[in-house]
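What follows is subunit A paired twice: with subunit B in the first complex and subunit C in the second.
Up next is the complex of A and B:
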């Protein structure tokens, strides 16, 4: 069992927890540690902290443990935890908020999950739509899983499911401008101090 | 004839081609028209939300605004469960407050009222109008199909966004399958996650999700799994081959369950052939043969049911005739002078 020192919680950590709580719109004090979220989570076999533990660490202000955890990156965003929590704690949104906070701090404990998300948005930014075959290819190249799912590709080609042609929309410039605008604004907003006390 | 604004989604012409073809066939048959939203863009799915909350709202909102421009009085239908969830989530967000709506308008830089309704395809087929039309048009009841209706996550969660069916034991697909003559089985994995995009990003812990879904469907007596989402369908139908290989190495029996879109099976019940419905391009190659086999068995079952019903009717008639004869005899007995002793 790990020993957690609760005598000192740096102010920075408190602020970081408050920011996560504000983004996820969760009051971590609501959680009474029943464990229902962990019990229903389909991805626990890949997690280093149970969903319940993520919430517990945040309650205690131990944000570094959570930012370095694989759990939010292994989470499939299925929403079972949130749907079943008797205290209406949005655990699923917390996982998202922790991912954002970790990424901002330059921590990506499961690189592949980060690469996938990144390539997905790039793909949409370039074409206005997601082109599955190119997404899979780029993802495989960047993640280093070169052979993943390639045995299914010939079947997809033969059946006309995927082709060489990319799907573009005429207004793809509008879509790329929209993505840039939103992400730039988000970047600016992050400079501003965040309020709220939830830890 | 009801017309909907149609949001096909990025997989409509690729991995979800069978869903598109079969939905198209069924809609035409029962008088539902789908008009594609011009210049719709990717809904962003969970990747956009994981990148930034705002992006998760802005991308789908752009298509919602375009749908309003097309015809604000019509609901949007999004057959893909992931698209449906993203669109509806963005709609619910914009409807929650004036500030939210303003924020979305600023982000998408378009006129937008957050006024169009968003529906999934199960919802469309659950309307009385669609059900009545289906009932009339079904020529080949699916009597030999024992189906595990698999809803996955995005049709029912988040609960406060979707609000369309029970989050733990949804019934809409079961009802539609029953209408088509199939028998939906009771099982525990209706709304379990298929692993979604994590099947690519973190395949190791994700594979078992698929395995458990097959296991539970099989253990509860299903002979097919039915879905309403192209990503669920692909994760199940494409990845079961690798899972079966691993099971073989571990000395476990292979799963032998084809995976269909609910529209494919509806299409079969409405007389469509495998090619028209896209059943010939499944990853599991046995799907068309399975359909042929089960359609034959269904016809047999129907024939037997008809014969049994006729036999039942004949027996009833016979009984009624006997009863009538008895009554007659009794009446004659009472009225005959010989039998009239007091």
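Up next is the complex of A and C:
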């Protein structure tokens, strides 16, 4: 159990919350803590904070609790929470933004999720689309789970579901530029925070 | 020999579905003194009633049993019917064959047997009834309103506008009550004084309204339509006919007394007007603190008064007047939280204040002219903690009920603070947020957008660290213990009944609930009436509520009063208690049990064994008695009898059930 001192919210924490709010385009004051997001979340079993609690800590300005939480990394980005929220709070986008903020701060509470996201983007840049056997190989190497799913490989290979061919598309540069643009937009949003200040 | 007619109703299939109505009638014909029994498909319909009248005439019937629906439904219908016949309307007994028989049974045999029993009992009882006559009670067309807050003012204005004379008795020196102390009113945030003071002056200047300020009800005698009320107007030491309200006297008085209107946050002179817009707009002398009256020194006010209006030898004025109806609008006070919550400092921290103190702090006419400043050092607080449910919903320390208005004025206080101190932060500790009014939840949501940080939990302790107040609470939404260093703490404390209302209630026979709120006659269907005929209630006196609900209730109470005063006479209910003086021992058990104060003990002369003797016997006031029957079961000697429900007639019912 923890003690939370609300007497002063450090300026850094306030800025961090505002940046998350800006990236996610969410006003955390809108949330009235009904818990409908957490009630319908299919991933809660792997989470250490309920999605509702993530928003609650952001309301309280306690950004460290959120940056160190597994929850945003376990989030599958399915969007059920956002679709069902009565106050129109984009919880799904908040999880994304928290993940970015944590990574910027060098915090990756679920290393596998971080590795996978990294390798996935690299993979799409390299091939112009997802190439599953290379993604699986790279992920296994970097995550250290060397033998994960290896037992299914022969059967998949026999059926032609995986192979040596790279299946690269022609306009790989354009896909890569697209990814750059998306990442840049996130950065731009972070620099121009609007609303959602925690205090 | 009585001649009883029995009329049994099918009520379509309502009764006939489970009761063999014809068989019941057949049995009824065999009962003693029954001269006629008949059935009808719908007795309450016009042809049904005509049939009853015809039968009464044809068989020369002198008392009637109606085997129909509940007397709650149609007893009055049958009384009206009998009033058109030679039969006395009270020579009637209704056997409830529907609600208490056919509707609760499925088996026709069982239903029929029970219906027969009910008819037997009714026949046995009606045989022993005697004719009763209601008398006419005159109505004094004036109303008394006790309490000059927003409820009392609204009720007084509504009654006065209908053309009746109204007297408003106010304990304080001015009208206005609690509302006039408030700064703004939720959810519209209109200025409380701006909507309250015009009502005050309207009441003060209404040709049909007399305001008795600085006055209290001392005693009440009489009954509906004719209450003799004794009112004590405390000595004001100022002749209001001469006083111009110039206020020169209040500037010269050297005494300083704690100002209760400002919730103890400033001082006032001993000669004072409660506040600038007070009605009546004239001062009074607080005799307890006046040097002239206490020590025969000073006299500065009399010297400066240009009209010579000040008289130090003034005395209380006691008057008795008659009123037809009384409205109780005695309002509330805030619970004295200090002895109850030592964990909040128990009053030793001046910066732990009540909601009403906050109202005065934020009010432009308050002690700080609307600047929110800490009482301790006059600094502007930056971190403010608001704690709701202090006293409320705390059966161990305070009261069990919810005070209803605090969630909204708590949100209002947060909003006002954040508005006036833009760099301030406001934390609201709550257990629930209850905002069930028009525009209320929207107001709360806006307060969240203003930046108020709501924390779900009660504060456990407040202690001092430096010049700050550390509040320890929980936020149950994160299961975290919360620590906040606050500059000021506002306690939204429970509403409790105004002092003295218990005494006033017993004076009038108006019951109080376990928390001493005045009790309405029926929680749903008679919300502004009391159990005492002619006495009505409105506003927080009945239970915590906000201003809109209070004004609604005041209007409702006024309409009931107008309805009553509209009559020249009232028909009295003749089904009241009667004393058999030969049996009465004068022990007064009935006096104590009577909830309406209708019975008194009197000395009466009797002739016994050819000697004149004086004995103490009970005497029933027919205007006050409501016919509840409590005295009849209390009387050990059996001297009390409820007319229409006499002991003999009830015993006959039991006999009929057991023996016939």
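Note that the second predicted complex is superposed on the first by the 171 of 199 C-alpha atoms of A that agree within 3 Å, B and C clash if a C-alpha of one lies under 4 Å from a C-alpha of the other, contacts with A are read in each partner's own complex, and residues count from 1 in each chain.
As a convention for this text, a residue touches a chain if its C-beta (ideal position, glycine included) is under 8 Å from a C-beta of that chain, and two chains touch if they have at least 3 such contacts.
Just so you know, these numbers come straight off a predicted model, no measurement behind them.
After alignment on the shared subunit A, the placement of subunit B and subunit C results in a side-by-side fit free of clashes. Touch criterion not met for A:126: it reaches neither subunit B nor subunit C. Residue by residue along subunit A, subunit B and subunit C are tallied for touches, and B comes out ahead. Of the two partner chains, subunit C is the only one that A:60 touches; subunit B does not reach it. In the superposed model, A:113 lies in contact with subunit B only, and not with subunit C. Touch criterion met: A:45 reaches subunit B, while subunit C stays clear of it. In the superposed pair of complexes, A:22 makes contact with neither subunit B nor subunit C. Of the two partner chains, subunit C is the only one that A:4 touches; subunit B does not reach it.
The superposition-derived angle at subunit A (between subunit B and subunit C) is 90°, Cα centres, a multiple of 10.
Of all C-alpha pairs spanning subunit B and subunit C in the superposed arrangement, the closest lie 22 Å apart.
No residue of subunit A lies in contact with both subunit B in one complex and subunit C in the other.
Against subunit A, the residues of subunit C that register as touching in their complex are 383, 425, 427, 445, 448-449, 451, 453, 456, 475, 477-485.
Per the touch definition, subunit B reaches subunit A in the complex via residues 10-11, 13-15, 17, 39-42, 44-55, 58-59, 62, 107-109, 153, 156-159, 167, 191-193, 195-198, 200-206, 208-209, 212, 238, 280-281, 283.
Across the complex, subunit A meets subunit B through its residues 23, 42-43, 45-47, 73-74, 76-80, 82-83, 92, 96, 99-100, 110, 112-113, 115-118, 120-121, 124, 128-133, 136, 139, 143, 148-149, 152, 155-156, 159-162, 167, 169-172, 174-175, 178-179, 181-183, 185-186.
Considering their complex, residues 1-7, 27, 29, 32-33, 52-53, 56-57, 59-60, 199 of subunit A touch subunit C.
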